[in-house]
Amino acid sequence: MSKVAQLTKGILRENPIFVLVLGMCPTLATTSSAFNGMGMGLATTFVLLSSNVVISAIARFIPDKVRIPSYIVVIATFVTIVDLVMQAYATKLYESLGIFIPLIVVNCIVLGRAEAFANKNTIFDSLLDGLGMGIGFTFALTLLGSVREMLGNFSIFGLPIIPKEPFWLKEVFFHDPILVFVLAPGAFIALAYLIAIFNRFKK
Amino acid sequence: MNSIIITAVLVLSLLGVALAIVLYLVAQKFKVIEDPRIDLVEAVLPGANCGGCGYPGCRGFAEAFVKTDDIGSLFCPVGGNDTMAKAAEVLGQTVEAKDPMIAVVRCSGSPELRKRVVEYDGASSCKLATALYSGDTGCQYGCLGLGDCVAVCKFDAIHIDPVTLLPVVDEEKCTACGACVKACPKFIIELRKKGPKGKRIFVSCINKDKGGPARKACQVACIGCGKCVKVCPHDAITLENNLAYIDYNKCKLCRKCVEECPTGAILEINFPPRKQKVEGQAMNVESN
Amino acid sequence: MAKVESNFKNMTATLLVITLVASAALGLVYQSTMEPIDLAQQAKINNAIKAVLPEFDNQPGNEAYSVAVDGGELTFYLATKDGQPVGTAVKTFSNNGFAGLIELMVGFLPDGTINKVAVISHKETPGLGDKIEPQKSEFSVQFEGKSPENFKLLVKKDGGDVDAITASTITSRAYCDALARAYNELKKGGKQ
Amino acid sequence: MDSKLVVSPSPHVHSGESTRRLMFNVVLALMPAFAVSLYYFGIGALFVTLLSILSCVLFEYLIQKFILKVQPTITDGSAIVTGLLFAFNVPSNLPWYIVVTGSLFAIGVAKMSFGGLGSNPFNPALAARVFMLISFPVQMTSWPLPIESRLKYIDAVTGPTPLAILKEGLKKGDTISQIADQIPSHLQLFMGVMGGSLGEISALALLIGFAWLLYKKVITWRIPISIFATIFVFTGILWLINPEQNADPIFHLVTGGVMIGAIYMATDYVTSPMHPKGMLIFGLGIGLLTVIIRVWGAYPEGVSFAILIMNAFVPLINRYVKPKRFGEEVKRNG
Amino acid sequence: MEYLIIIIAAIFVNNVVLAQFLGICPFLGVSSKISTSAGMSGAVTFVMVLATIVTFLLQHYVLNPLGIGYMQTIVFILVIASLVQMVEIILKKLSPVLYQALGIFLPLITTNCAVLGVAILVIKKNFNLVEGVVYAAASAIGFGLALVVLAGIREHLDLANVPKGMKGAPIALLTAGILALAFMGFAGIVK
Amino acid sequence: MLKTFAKGGVHPPENKFSANRPIEVLSLPAKVTIPVSQHIGAPATIVVSKGDKVKVGQLIAQGAGFVSANIHSSVSGTVESIEPVLDSSGYKRPAITIAVEGDEWEPTIDRSPELKRHIDADAQTIIKKIAEAGIVGLGGATFPSHVKLSVPAGKKADVLIINGVECEPYLTSDHRLMLEKGHELMVGIQLLMRALNVDKALVGIENNKPDAIKYLSEIAKEYPGITAHALKVKYPQGGEKQLIKALINREVPSGGLPIDIGAVVHNVGTAYAVYEAVQKNKPLFERVVTVTGKNLPKPSNFLVRIGTPVSELIAAAGGLPDDTAKVVNGGPMMGKAVTDITVPVTKGTSGIIVFPAAESKRKAESVCIRCAKCVSACPMGLEPYLLIRMSQRMMFDKMEHERVLDCMECGSCSFECPANLPLLDYIRLGKTEVNKIIRARKN
């Protein structure tokens, strides 16, 4: 597989959300806005990238039987780093993501990539893989966040999408957003259709 | 060094050591013994779980394959020889190549050639119709055309032709798993040798009635006249119960019987066209 | 690539090393982020106070005090500029919200008039009760510059002066309740 | 006789019942309620109902034709019933875009995404109603006053439903007797003189439809009656314990969506249990949940939620509550 | 009464899966059959309660006194991971019957974020030990309830003609979405 | 409130056009074709050969094995051929074709019309005579009657139930038989009672035949132990299990037989045949057949020799209407559509119904709306909506669990289904497959 493919496979062909359907909890929980979704995606990408690199570097020194615990320690370390750094420098985002920052540690994608890829590939390949998967994850979360924000708040990244003029556009067609999309049920419904649309285009 | 770092290091290290001890004990006490070769064999199998090999799924086949003394007795019809060679490699053995097989439909009675005498109005299932009557034509052996074979095919390799109302096997997709053979309540489908370049000859009829009634029910029925038996130079054709049958192991594809057959019940597939045509219907099947 | 064998010694050693490195790394990160995190916390409180009071230059968070009342706690933040009090921010609450607790930050000017009100937390129905948030509706604006002395903190339906949010009388009531509680405590013990 | 004989498996006769006829009878049974709502809510009711039916049928057609690419089945009447029921569950002054969005959700999401008629686990009209209630809480809970709003649509004079008056009063700390004078009499409630969704107000009209459905054997008595009985008994007990904090059982039966929910929504074939015993359990569950939400929940009305939640349990009920087989007592010996 | 409120809140009002988005992966993964979903629910309940007790003790008697609360994540996940493995071994030895019923689900639980999530939430919400245990058990029941109900619907949908693109995860998510809508009706029952 | 069975059931339009038409003797055809498998069980072994001269009532095929029945010639003449012929099963099966010459009966047969009430045969003799006469269940099930009368060791019958329900729409042959041969029927019942050693016999008749109920109740007074009972009109009350439930409120266990709860059920036609066999020495070679249909000029009840082509009956009933598109052998709910009207009448032919084109084809299927009408219609408490889905998806092991084998194929579910789903078709398919699975398991 070429290095480019190594990087890009996670974005579409093996997209962790739309194709592999992994890491659903943060996907649903943190995408009430595009910004939150992207923040979560980037945090996960960092963990994914770093743990992939470290694990591929140390994999051969680790006995099989303690493989999983060791990987978990590595991942948890990076998660805690993200946690602390965000708390210090991105308080607002940190608060809106809440418990899902520490929960990156149990995101199936992270451990999954460590198990399936990083422990048998070179550091550079693992880096590409982690980066690609992370980008795919971030892309998916941002997309879902955007869709939800657009429908549920008529805005994207906090910017209103309905122009003020002509006035009837807002008065007649887009008077109120479909609030449910920024709430729990809307997360499920929006993701359901995004995956369905993705399935359709994959074929 | 800061005390917080020291406590952190101490706590986590202790935890790490404790876990290591626990896991070590676990690893010592509870070992699962399973032949690792089963996984390896399973990995080379197609994974269709079709059951064509006679075992419940590919895993079942893999287990049997690892256990058996004579791996030549097992065959995966879907994967074919390549797969079997790979699987044998896993065990460090070799297998003889088997001739590839294909499903053939032994009925050519399209509505044009085999008049419908009654109209069926019920659920679309050959099995069900079989319980009800012998078929909507005068031939009680012929294809019912309700597609039980289509429904069971896991490889999308068999379809009912909208004109002839008969099943047509897609040579590319057919894996000779035999599911359709089992599904057909009329026993019309048979697995036969695919033949060199797909060339094969067979009697496309299973009507065991005497000549008169058979001919009356269907224009392309085998009427049991025996001409093909006489003309065959390789002794490949037998006649039993008014029905000719070509043994594909003996047939040398000389095509003499095809010319001789008065009703056109014998089909030749994938041969280059020859100057004088036998009948139109042979083309029907070829043109799939 | 030769794998390391899974024996007792190796396993323990591996885990030990990994945890050592991990915990050391974490400790370092923790130490270096301790201060920024504290600052961030400070800033958060200050921001909330800033939102409801005119400009000030002290650290109200350091001079806060709390009063226990009605099964909850009110926190008072005194803001000064050049040593002169510019107002008091009160973190107040009401348990009577449609979905329970509502927490507000109310800024009182030294004369007792309400400067601005901000919402700290609530669980009110989106689209209905959440209109107490200043960015979602004009509801909170009506309190600005009003003194509870002559502006009755009750919804009009109950004989007060407050225009309730459409279809959210209960939330509006709770909002008034929280404001009234803050004002009463401020009068009682506040204005030092 | 010159045509071919037809051969088909038995039976050779059929009752003549069809999906379309069943749906038609449901529509017919809803007509008294529609007449009442036309009388009370006038043009708003007419507009919302027609728009809802039209958009449901249109969406079903478009989705089947262009997205699923199957033969449209709008003639079976199920989309009409969904449209009618959705309209009956919303206020008569609901803005048009909410009606259309709701229809899209009912047909597109709650019905077609699951495979269309017969496959949807949730009642489409109800799922849409709840979806809209949460998305547009203000518009979905501003109820035009009956009679006064006859000639108005969007700018109708609105007021709360009796249940909302009750909930708000109790929240404020009032007692039932203090609230009572704001609420119409039981007889008025029974006739439908109150604010509410356009089709739910008149218990009388809905009960007439119930009688028609029973007479035509479209539904059985089990689900509606078990819901009524549960609500009656449960609220009755609460009322007996403390009549100043809990409304009386009759009030609970004739207000809000109990009648339309129990008779027309809970009995939806697709989303209700298949066996008599299961139907009773289903009704019991709906009754209990309705009262729990009404009495302790944030929402003044709980019928829609209750039915939707019990819809989710229907597969489990169908699986574990089986009809009594003939000759059940002895085990098969073969 | 307080416990009752915790229980109702955790099962219905703030259902772990439908309102808090914890444990979605197993919720989607193990919900295709009622029998397996029931087994999974049992296993999760068991582990969740056990994990909550252990992590609670660790937090309050080790991490907090030592001032290393920031190590929460790493310590909790290690403990849960090894706990799951120990439970598996102990079950195998002591009760083969139970192991048959629950054992196969145990490896899946390590990556069930509901377990770690609930353990962290118990600390965050300042529960005492008993409240924490009650909360964990109720959350697990809420998880199990949602899981079994979804499995029931999915078994029903197996026999229906779900459009091609919607099959699998999308339809499960959609069902969960409408379920979440329905569960919003419980809002306000517990403050 | 009239008695009936508890669960399920439907009420199709009765359409009993021939109820007032007395039984007519159909004139002899030129040729009869007598299939050798007219009963459940192994085909009988042919004991004549081509060219043989046979008399009416002469044994031409011997019952082969325990569950099988003798077959007698219904005419006198020459055996013309012995080869497979299309019969109402839709298949070509072995049959004896006899060219009719005169009408010469076996001399042992008592052809006198007077009633012979005195019974001198004992139980064993009765059963033996029934077996010899080749009597099978004439309600349509064609189960050899002597087998049913031989109660297995360890079981005991305490009540005989006579099925005069005739719950199938259109059919009237049993109705006419009860009206016209009441006394013979009573003697036949007494013979069956003696064979089973029971002292109680209940005749169940649906309330749409008030004349038969009245007549039989009256004459039953002369015959101790026999009572006639009116039943509410509800299909499929003629099913053994439903009839037992309706009359004595006992339920045959799932997978069991009526004898497991002490009951034996026989059809009125069978009882009449028993009378003729035992008292008159006459084997079963003719039976009453209803020929009917909405557009048939002259719906009738005929006494027909076994082997007569169906086309002859239709001709005698006024000829085949032009718009005919389906001919059914048996009732409209459980009967079998024939592929050709030349097929012969057999022992199990209770009626021939001619359907006009408009009623022959099924309406287009739509989708299941889970209305549960099939569940309430099923008299066995099954869930047809579930069974059809399982069958279509080949989940046969699950179908066994859902007791698909309890299905008696009464067709109530398909009759009721508003979506016109072929419920019974697929349930039948499932039954066949489940039986295969069970057989495979036993091996």
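Structure notes:
Lettered A, B, C, D, E and F in written order, each chain numbered from 1.
As a convention for this text, contacts are C-beta pairs under 8 Å (C-beta built on N, C-alpha and C of every residue); 3 or more make two chains touch, one makes a residue touch a chain.
Given the structure is predicted, the values throughout are model-derived calculations rather than measurements.
Path length between chain A and chain E in the chain contact graph, taken as the least number of steps between touching chains: 1.
A centroid comparison over C-alpha atoms places F as the chain most distant from chain C. Contact analysis places D-F first among chain pairs (by count of C-beta pairs in contact).
One simple way to say how far apart two chains are is to compare their mean CA positions; for chain D and chain E this gives 33 Å. Mean C-alpha positions place chain B and chain C at a centre distance of 72 Å.
With centres set at the average Cα position, the gap from chain A to chain C is 30 Å. Taking each chain's centre as the average of its CA atoms, chain B and chain E sit 46 Å apart. For chain F, residues touching at least two other chains, in rising order: 90, 336-337, 339-340, 360-362, 367, 386, 422, 425, 428. Among all residues of chain C, those that touch two or more other chains are 6-7, 11, 14-15, 18-19, 22-23, 26, 30, 98-99, 125-127. Shown for chain A are the residues that touch two or more other chains, namely 65-66, 69, 73, 76-77, 80, 84, 176, 179-180, 183, 185, 189, 192.
Chain contact summary for the complex, chain E toward chain C: residues 70-71, 74, 187-188, 191.
Here chain A touches chain B in the complex through residues 65-66, 69, 73, going by the rule given at the top. If you check the complex, the residues on chain F that touch chain D are 7, 10, 12-13, 90, 169, 241, 245, 251-256, 260, 320-328, 330, 332-341, 353, 355, 357, 359-363, 366-373, 375-376, 378-383, 385-386, 403, 405-406, 409, 411-412, 414-420, 422, 424-425, 428, 438. Against chain B, in their complex, chain C makes its touches with residues 6-8, 11-12, 14-16, 18-20, 22-24, 26-28, 30-31. Across the interface of their complex, chain F is touched by residues 117-118, 121-123, 125, 127-128, 131-134, 140 of chain B.
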